[in-house]
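Both complexes below contain chain A, partnered by chain B and then by chain C.
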Partner chain A sequence: MGMVKDIFVGGWSLLAGMWVTIRRIYRPVVTVQYPRRYLEMSPSYRGHIEFKSFPETGTHNCVACGTCMRFCPTNVIKVQGEKIHTHSEKRASLYFIDFSHCSLCGLCVVNCPTQTLQFSDEYDMAHFSRWDGVVDLIRRLEESA
Partner chain B sequence: MAAAWQKLVNFLGPDLTIIVVGLVGVLALVQVNALFLVWLERKVAAHIQLRIGPKEVGPFGILQTIVDGVKLVSKELITPRHVDRKLFMLAPIAIFLPVLVSFVVIPFSERLHIRDLNVGLLVIFAFSTFNVLAILMGGWASNNKYSLLGAVRSVAQNVAYEIPLLLSILSVLLWSNSLQMSVIVESQSNVWNVFWMPVAALIYLICATAETNRAPFDIPEAESELVAGFHTEYSGMRFALFFLAEYSNMLIVAAVATTLFFGGWKSPPFLGFLPVPGLIWFLLKTYILIFVVMWVRWTFPRLRFDQLMNFCWKIMIPLALFHLIVYAGIIKFIR
Partner chain C sequence: MTNQMLEPITEQTYYLNMGPQHPSTHGVLRLFLKLDGEYIVEADPIIGYGHRGHEKMAESHLYEQFLPNSSRMDYLSGLLFNHGYVAAVEKMAGIEVPPRAEYIRVICAELNRISSHLLWFGTYIMDLGGFTPFLYCFDDRENILDILDHVSGSRLTYSYCRFGGVAKDLDDEFISATRQFIERLRSRWDDYHNLVTKNVIFIHRAKDVGVINRELALRFGCTGPILRGAGVAYDIRKAEPYSVYPELDFEIPTGTAGDALDRYMVRLQEMEQSLRIVEQALDRLPDGPIKAAVPHKVRPPKGDYYFAVESARGALGFYIVSDGTSYPYRLKARVPSYGNLQVLTDVLPGTLVADTISILGSIDIVVPEVDR
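Take a look at the complex of A and B:
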């Protein structure tokens, strides 16, 4: 008698499984058609770092202190600053990162004294040359503005 | 056109004309069917997994399979060094030819029938057994442990599942009193066999899934264990022939199921007033059955080998035997 019961219980569970899959056929698909549509990235997504733009100044607030450069475990950040005149603040004039070595640890972002760094939502970063991974943050900010 | 046709019939004689035209038709049907079924399988799989599936080539991606076929034709036919060359080349042909023969006796509609042999069903099952031989040839000749294991499993599985398959159709044959496909369809003019022999239909469908080596019974080509099973070493058009044979076998088992259990070309009893030709009903039923087989494939995980064998020998065969005895009694009582 156990076998007959097994057959019915098993058969019922098979039907339940098929009911689950047949309902999926009419559900909307979750695939995003990548080259034509783009995903909205979640706020906690970590792409490479980029400059925040502050509305008061209309630009970044990097003072080229070099904290990020010194904290970076893989030394991928290169920052240089210049003073516009003798008594002014130093401002970043060059800011490069080599994203192909970046481990996205985020030490630069949390340690930035002016909090002008953030993670971007860039995710399609495949390239053909190792130099294509180098990102110029200042130019990126100017282009996005 | 009519004159040319008359010339052809006069030259070949009526019998040979039917065979030649029928074979050309079957060849076309096999190709188109495989193209369609591969696309359908990918679409069904995709939508069950909440994906989209092929959509780039042609409307709804329906031409995707043609593009894949062109790619396969253009590929090199690799013959590995230590294979048994003759058997290796023969296996894809041996798996594909019986498929064509089986289509000869399938009644697509009342008159669309290449040959209405009085042993029609026997022809189908005799020739579809060649499938096992071809798989064993391919697996053995490849000289590869995965191929051989896949072939061995396939033989064990097909030999085991043929028994309940044939037992389940015996009750249909007792009712129709004939192996002729058209007579079997005619015997269902009052009520389809599936309505009063549902267990036989179920056993047939399960065993047919196992016979065609489809999931959840696809252990001969279990990717996670055996790479690709018996056709691991095959490439290009030889691989395509295995693929073509698999999908054509699906069509055959579904067409036989339609003929045996679902009333063949007859319309459903309550839709008899519709002016739909029998061919449409036949194809509709067949493709619905194929859809069910695909649906099962994308729902259930693959069985382990011992589970597979236990299921056949301990459940299917006793059940089919019991069913046969009961229905033999019933049919004797009715007649």
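Take a look at the complex of A and C:
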């Protein structure tokens, strides 16, 4: 008798499971067909860093102090600055990042004294060469302007 | 069924490597099995294939610079590891965290715990041969990832907790999305139970399989759902309360026998308890700052400190020795999966090879966390 009951209960549990999957067929599709449709990135998405452009000056505000370079855990950032003449402020003349090593912790953005760094919304960074991960932030800012 | 074949009938035992590249070992874990036919005589988990030297790396990094490493140890509950490390350093340096930040951490950490358990649920059932539940719970998990992505900007390795607070404040969209998610997941329990928990095939493959009883769990230092499945109601959130957990009302689900089915039930009930915690924390979320004023470089005073949190897999502790500089002298992470994995040496002998997958799945290990 117990065996008959087991068979009945077991068979019923399988049918109940089937019913869950059958009902799912008539629910809306949850996936997005990627190359044809794109999802919207979240507003706080962290891509690689880029320069903020300040409306007062029309350009970035990097003084090449090197704080980001020293705080970076994986030595992603290389920044150099120069003075246009002796008494002028130092300005960044070279700012490269190697995104292939970046872990997107955001320490550079948090610690920047002039708040000139921000996260970009770049996300499809698959490339064929490791050099393609190197981004020139100054050129990037000039091209976007 | 277990232990009846411990004495080999013939001397024709042989060795089999399961892993390091095996689709059901959840990472680069190598199980060195001594087999007598279909039965396991000896099992030896061999670890270290994913060793990246996180603890050594900490010694040459600033306290801040180790932050991204913490979520890379256990990529499934990255925020819980984040929280553990940050809270340990805050305890060392005596940093007061604003109440709003503590609540935000708890909300995000519990969401992360649910997402980790949902992924375990899917992969465990997939190990047993059922593919459909995997897709359903990934649908739900996707929802959590979107919510956490909205606030932290990352989907897996959140460097969201910062010393003295969190990186970004919650907005109304986050709160309404989280409340919607709580409703949604609660409406899913019936489906999960009908599809999996009551399924006769699942019950036969999980009941009385991989029994880790109380003594065994305590001997190997197992924590988390394994220990609770064996009937010990030990949870760091209750045993050594931290953050705002003492103010929140939740229960610790426990099992009785300590088999795979008990661990399964404990995890499902834990998800429901986590939903309760998130709900209460959202109701009580205070206003105020989200970050205390902390110097750029934290310099904790000399001494050694230990701080433990409950990760999705058990007790996670950070033991940090400070020599008064801004670099840790030594950092040791006590990870839950390490003890949970070693118990396999005692559990696997006497079981079938087919059950190895079930047992390995039911203890829910993350191998990079063991190797670190």
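As a convention for this text, the second predicted complex is superposed on the first by the 115 of 145 C-alpha atoms of A that agree within 3 Å, B and C clash if a C-alpha of one lies under 4 Å from a C-alpha of the other, contacts with A are read in each partner's own complex, and residues count from 1 in each chain.
Here is the rule we use: a residue touches a chain if its C-beta (ideal position, glycine included) is under 8 Å from a C-beta of that chain, and two chains touch if they have at least 3 such contacts.
Fair warning: this is a prediction, and the values are worked out from it, not measured in the lab.
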Partner chain in contact with A:Met1 - chain B first, chain C second, else both or neither: neither
Chain A residues touched by each partner, larger count belonging to chain B or chain C: C
First, second, both or neither for A:Ile22, with chain B first and chain C second: first
Partner chain(s) touched by A:Gln33 [first = chain B, second = chain C, both, neither]: first
Which superposed partner A:Ser42 touches (first chain B, second chain C, both, neither): second
Touched partner set for A:Leu14, first chain B, second chain C, both or neither: both
Touched partner set for A:Ala126, first chain B, second chain C, both or neither: neither
Residues on chain A lying within both footprints (that of chain B and that of chain C): 14, 17, 20-21, 24, 30
Chain A residues touching chain C - in the complex, by the definition given at the top: 6, 9-11, 13-14, 16-17, 19-21, 24, 30, 42-46, 71-73, 103-107, 110-111, 119
In the complex with chain A, residue positions of chain B that touch it: 44, 46-52, 295-296, 298-300, 314-315, 319
Chain A-facing residues of chain C, complex: 61-62, 64-69, 72, 132, 136, 139, 142, 146, 149-154, 157, 159, 162, 167-168, 191, 194-196, 198-201, 296
Residues of chain A touching chain B in the complex: 3, 7, 14, 17-18, 20-22, 24-25, 27-31, 33
